[in-house]
Amino acid sequence: MTSQGPILQISDVSLVFGGVRALSDVSFSVQPGELFSIIGPNGAGKTSMLNCISGRYQPTTGSVSFKGQDVTGLKPNDRAELGIGRTFQNLALFGHMSVLDNIMVGRHHLLKNNCLTGPLYWFSGAQKEELEHRRFCEDVIDFLEISHIRKATAGTLSYGLRKRVELARAVALRPDLILLDEPMAGMNLEEKEDMARFIIDLNEEWGMTVVMIEHDMGVVMDISNRVMVLDFGRKIAAGLPEEVMANKHVKKAYLGEDDDATDEDEQVA
Amino acid sequence: DDDMVFVGHLMDITGATGFIGKFYADGVRDALMYINTHGGIDGTVLDSESVDYAYKVPQAIANYKKWRSRNNMVAMQAWGTGDTEALISFVAQDKVPVYSASYSGHLTDPTGKNPKTAKPAPYNFFYGASYSDACRALVQWAAEDWKASGGSGKPVFSHIGDNHPYPNAPKEACAEYATELGFDVTEPVVVSMKPGDFKAQCLTIKEAGTNYGYLGNLGPSVVSLVKSCDTVGASPKWLANIWAGDYETLKTIGDVENYVFPAMTSFWSDEGVPGMDLVREISKMSDSSGEQFRTHHYIRGICSAYYMKEAMEWAKANGGITGENIKAGMYARTDWVPAGLEGVCMPATWTAEDHRGINTVNIYNGSAKGGEPTVTKAATVTLPRRDDWLGY
Amino acid sequence: MNFELLFQLLLNGLIVGTLYGVVAMCFVLIYKSTQIVNFAQGEFLLIGAWVCYAFLVEMHMPFWLGFIFTLLFMMAFGIILQMVVLRPMIGEPIISVIMVTIGLSIFFQAATKWIFGATTATYPQVFETRSVNLMGMQIETAYIMSFVISLVIMAAFYWFFKYSKLGLAMRATAFDQQVAQSLGISVKTVFAMSWAISALVSGVAGIVIGMVNGVSSALSVIGIKVFPAVILGGLDSIIGAIVGGVIIGLLENTAEFVDGQYLHWGNLFSIAPFYVLIIILCIKPYGLFGTKDIERI
Amino acid sequence: MLSVNNIEVVYDEVILVLRGVSLEVPQGKIVTLLGPNGAGKSTTLKAISGLLKTEDGKVTRGDINFMGQQIANGNPEDIVRSGLFQVMEGRRIIEDMTCVENLRLGAYTRKDKGVKDDIDMVFEYFPRLRERTGLAGYLSGGEQQMLAIGRALMARPKMILLDEPSMGLSPLLVKEVFGIIEKINREQGITMLIVEQNANFALKVADYGYIMESGKVVLDGTRDELLNNEDVKEFYLGGGSEERKSFKNIKSYKRRKRWL
Amino acid sequence: MAGFSMRPCGDFRTTYRQDTRIFDTTFVRNAAILGVIATALIPFVLDGYYVNLFIQISYFAIAALGLNILVGFTGQISLGHAAFFGFGAFASAWINNTTGIPVLLSIPLAGLMTAAVGLLFGLPAARIKGLYLAIATLAAQFILEDFFARADWFTGGSYGAAANPVNVFGYEVLDDFSFFYVCLFFLVIMYLLGTNLMRTRDGRAFVAVRDHYLSAEIMGINLTKYRLMSFAISSFYAGIGGAMYGHYLGFVSAEGFTILLSIQFLGMIIIGGLGSVKGTLMGTIFMVLLPEVMENGVGLLSVFDWANSTAVTDGLAYIKEMAIGLAIILFLIFEPDGLAHRWQQIRAYWKLYPFSY
């Protein structure tokens, strides 16, 4: 890994679906250890951007490179192995598995046993390996404070808990870059605070680089190092949170506030 | 009533071959019942159970095992290819003679003399000419018919049937004999066992100029085929296999001529056959009016049961009714007809080396042009017991 | 190469293919509105064929009357079946419902054999002539009838799903029963309607097949036989069903030509559609007209 | 208009989720239901709208009364016809249909002719949707949320249950959506029960609020009562009346409020 | 929050090892071992009929487990399982007949051969999903059936192939009594292997692919690889089951492996419970015993005189068939999630007893 260069480099990425231009020539880079946020109105192309990074979509033009390596043509599973993990805006848990198993799936690429050694559980070392990784998953579970639901079936959980399990699953990958798509959606203030705390910890203690999409400006302002704003697939601003918030275009297209003061009042109410 | 022996009867009434299996099963059932109400096997009561296995092999085996372990079965009446084949080794091991309605040639080779026999079947018997022999008889008749009707050149013969054990049973044997008799044998025409629209195949048959088409399939499929062929104007003389040749089939097809098929018993409507009185009595077991029409399959079922009965009688007189003795009983006589069924069943002979019970086939010509079907006897063919035909 | 034979075979394929198309349409109808693949489809045909037979032969009705009565009967049958068996399954896993249709097929297979007998029966002469000459090829009159009917049905359904409110409701139900319910759609009504319509169309197809091949319980295999047609056209496309049916019909007949004239493998007629099916699916995973799943996260 | 009396809900015959929840929604008012994840808010809404059934859930005790009718364990479609419409959590639009088709479906229970005009009305509210002519499944998360709300408007019900309407919407739209909610309530007199995480907005439009936790209602009161409750302030609205706390400086161990 | 952990109070696990055990309490494990021992005693206490039923259950159950891995765990519906089952039967007979490799070894070898064939027919699964894939497997069913009827060198053509009895250390297992133990051995082994597979990495990957293949891919799971692998493993089980079937009957004929059997396999796993190893066994028992129970039920009527006339017995035969269909329908109406699910509920209920929730 090149320690100096950016961990993620997006160059001139465009994405077209039929008539819709979801992204137009977007470029940006994320430095190792950064907490980078993407904001923008609905349908601006934020999720599409994450999809390009994680490999779900192939950009129509442009390239994505990760840790200095061009990963544009790579399949999502290969990118996961390189160290890109993510959560989803519309929950994508394995609904019929227990929470624990969901998280264990995150360990997939780190496990060695396979369909030949797995069945010979006791004799092939599969058991030992499973238990080792289980230990790590338990750490993640403790960290995200979901130990009370560890055996629950993921599909029966409430929305907020599922979001948390998704985060746990992505963390279990032990990625270098973690992509979070609206992690705070459907949470109340208290839970947002928890979530913010987890993200900061992941970033600072666990050393993961974070790219986050979020609509809660309070959170974005407080915890991110840098913010990029997309609108209609175009990058309209980027920089420190305060700078971006002050940007006229951003205010108009996204925040929809003409006078800050009244809104702040309402927020506190 | 301690003096009882158990005979199992596997029948298919509701399964894939139920439409024809029912006729045969009724014959066997009525015969067994009649035997019991008329003194059993020299006083020994036949305890029998008729089970509909719906043409499913696992069910057949389960029943077989049940009868073996619970009822101490000494002999069995069975039906289809699948179950008969599956049971070959079990019955040989348990020494239970099986009388089935599966007339596959290879079941006639009890010792595996013919190199083509994959597996000797020492405990399998059936009453009737094997499928191969029946087909041979048909082509032998066809060869003469071709001459008689003034045909010139080589007659064209086609095997028409599905690529399944049943239609395939006589495929090669029959084609070989046809070639031997100077037929021009076409590639077999494959037609599904399930009914459908067969005009495509009929066009092929028409194109090939087939004069004699052997129908290897059964009921519904044959009906569809003959009707389809009629539509496109392909009308060879049909040589039907035994299960596809009867009044019922003719009636359903309607509008057909030259529908030739073999039979190994007399017909229900035949006059002056001494054994028919007994058949009519047996028929009353399930139809007290005695009016119901019975197919020749029904009558063949009776023959099958009666050969077993007489072999049991022999066994009883010679050391007790056991599977082994019944088998020996089958070999005890030559050219025999069960008492009371003279003229109905044909004289048959089984030996320890050769289970080809009969080698004579009656050939009938059916027609249903314009209304009621008519069937006329065309010939009686007696085939030589060639060694290379044993088990094949 | 024997062009005349090939031509006749292709013509035959086209005509028989539309019949496959009609049967395929019955599948599509059920699938489009309930996501269920009806394994009892063959038995539906069978029931239609037998009931019409009973009206014509046992009750000596004139054909058109018997035909209409059969359709009414089939509609009632579909609704009652839905009420008794399929309604309790609403909201249950689709695969369980599919298994239920397998249970139904076992049940009706035995029931029809019991009621109508196991042997084959033939319809009385319905049309003036049994077949008409079409470009040198004899075609059963019944096929011509099915050809016309299928076109009408197809047009009607196309409109129905695209524009009618009930059609929309059916599609919504197929997508997600829970959501449909939350919109006030009565899943029961949708189910009842779609089973009734499918049974009705099956009745038409059953009568045609019965007229051509005779009625016997083995006739129900056509239910499985048209699967390739359904898939080829795309599971949820009405037009696809017809196109798929015609393609299968043509394929079968071409296979018969190649096989009968050149290859002599036997059985290519019934097996070729399956090879082609796999190949086409590998190129177009949703058949020719099927809608793609939305793969978005 | 709607009253829920002491209901108990069990999933899958064994999992007890609601343990005696009661609430009251008066005609023409907006009531909000707040609570942490997994408290049973969505379950309460599903119990009211009858959708519980489709998830193997059942109201095992208590009753639910909507405009004088018992609707506990009733059929969802009958409940909708009686004028009670739920916007489900997680958008749940029909992905393989277009926006317009989705909207038309929203009006499924309506018999009048105004459907066309109402579609235009929805497009007025959410102009973005007008341009999206493809299948709804390809819409962005927020666009789908707009569509889901629009679909509810199409039904012109007497009462709407909204499950987290602001989820995934941009700040601008959140404001608009709540504006729309208030407007509809005011103009059309539609009663609302809103489950919401964004307590600030929810309490701004609501007349009355309930707070749920672990399957029970732990606190309820009028808007002003709740806005002035210290605990609510701290845990739902973001700090007392002082400066808003920064998310950055949250201590790893912090006091948690549990009413139970 | 509702009780998520449905373990008896006081049963706390102290190590992860304890937590990953197949049987969640010692009691259950001992009960299972006892169950196997009790089963082993069947031939001594019950007659040949039951022994045969057990043998049927065991080879079907092994094959059905394979199907459940494919359908229940990986979410790819297959309508061609009977063909793979049949392929295993032919393959084992062929290996043993042509090379003389002992049957006990040719059975797993046949499993491997079938796995290879399964892999081949699984190839479309890389692109095709859902019901489209189901129909592609239906094509596999018909293509293989056709192959069986055609490949004389391998299957003996439509006539079929002879299969030798199992031979254990020079002792020919001819009777059911001994074959029973061969079956029990294979059954226990295959189920243990299956259970282990499902609780380790690749098993989880299967379920992940089933539940949400898009996110599974992003979690690092290679979809194509796992879709194919699932076909291979499923066919492996089918092959083993089929091989046992072949050697039990001593004769293999193409007739037995039709779409009807494929559907029956599906019935076993749906009734048992998709995605449940235990359920597979329960479902197989259900499907094998159903016709027998119906048969015996009909048999009971024969004590009445009226039930012995041909007309009535024929009617009963149809009623029996109808009852089989009806039993499946009723079962699914009342237990749409399968036996395994009900079993879970019963256990949950008793653990929480006397508090009903």
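For reference, chains read A, B, C, D and E in written order, and residue numbers begin at 1 within each chain.
By our rule, contacts are C-beta pairs under 8 Å (C-beta built on N, C-alpha and C of every residue); 3 or more make two chains touch, one makes a residue touch a chain.
Bear in mind the structure is a predicted one, so any value in this text is a computation, not a measurement.
Engineer: On the document's contact criterion, could you list the chains that touch subunit A and likewise touch subunit B?
Structural biologist: Intersection of subunit A and subunit B contact lists gives C, E.
Engineer: Which chain pair shares more contacting C-beta pairs: C-E, or C-D?
Structural biologist: Most C-beta pairs in contact, of the two: C-E.
Engineer: Per-chain C-alpha centres versus the global one: which chain is nearest?
Structural biologist: That would be E.
Engineer: Average the CA atoms of each chain to get its centre, and name the chain whose centre is farthest from that of subunit D.
Structural biologist: Here the answer is chain B, farthest from subunit D.
Engineer: Determine the centre-to-centre distance between subunit B and subunit D, using the mean Cα coordinates as centres, and give it in whole Å.
Structural biologist: Going by mean C-alpha positions, subunit B sits 74 Å from subunit D.
Engineer: In whole angstrom, how far does the Cα centroid of subunit D sit from the Cα centroid of subunit E?
Structural biologist: That pair's centroid distance is 46 Å.
Engineer: Measure off the straight-line distance from the CA centroid of subunit B to the CA centroid of subunit E, and report it in whole Å.
Structural biologist: The computed centroid separation for subunit B versus subunit E comes out at 36 Å.
Engineer: So the centre of each chain is just the mean of its C-alpha atoms; given that, what is the distance between subunit A and subunit D in Å?
Structural biologist: Comparing mean C-alpha positions, subunit D is 27 Å from subunit A.
Engineer: Please set out, as single numbers or ranges, the residues of subunit A touching at least two other chains.
Structural biologist: If we look for residues of subunit A contacting two or more partner chains, we find 56, 88-90, 92.
Engineer: Among all residues of subunit C, which ones touch two or more of the remaining chains?
Structural biologist: Residues 110, 113, 266-267, 270, 297 of subunit C touch two or more partner chains.
Engineer: Please output the residue numbers of subunit B that touch at least 2 other chains, ranges allowed.
Structural biologist: 13-14, 22, 163 - these are the residues of subunit B that touch more than one other chain.
Engineer: Pairs of chains that touch, anyone?
Structural biologist: A-C, A-D, A-E, B-C, B-E, C-D, C-E, D-E
Engineer: Over in the complex, which subunit C residues touch subunit E? Could you list them?
Structural biologist: Contact set of subunit C toward subunit E: 31, 37, 39, 85, 88-89, 92-93, 95-97, 99-100, 102-111, 113-114, 224, 227-228, 230-231, 235, 265-267, 270-271, 274-275, 277-278, 281-282, 285-287, 290, 293, 295, 297.
Engineer: Given the complex with subunit E, which residues does subunit A contribute to the contact?
Structural biologist: Spelled out, the residues of subunit A in touch with subunit E are 54-56, 75-77, 80-81, 85-86, 88, 92-97, 101, 104-109, 111, 113-115, 117-121, 126-127, 130-131, 134-135, 138, 148-149, 151-152, 169, 173.
Engineer: Which of the residues in subunit C come into contact with subunit A in the complex?
Structural biologist: Its residues touching subunit A are 297.
Engineer: Give the list of subunit A residues in touch with subunit C in this complex.
Structural biologist: 51, 56, 88-90, 92
Engineer: Would you mind writing out the residues of subunit B in touch with subunit C in their complex?
Structural biologist: It comes out as residues 13-14, 16, 18-19, 22, 162-163, 187-190, 192-197, 199-201, 203-204, 207-208, 219-221, 223-224, 227-228, 231-233, 248-249, 252-254.
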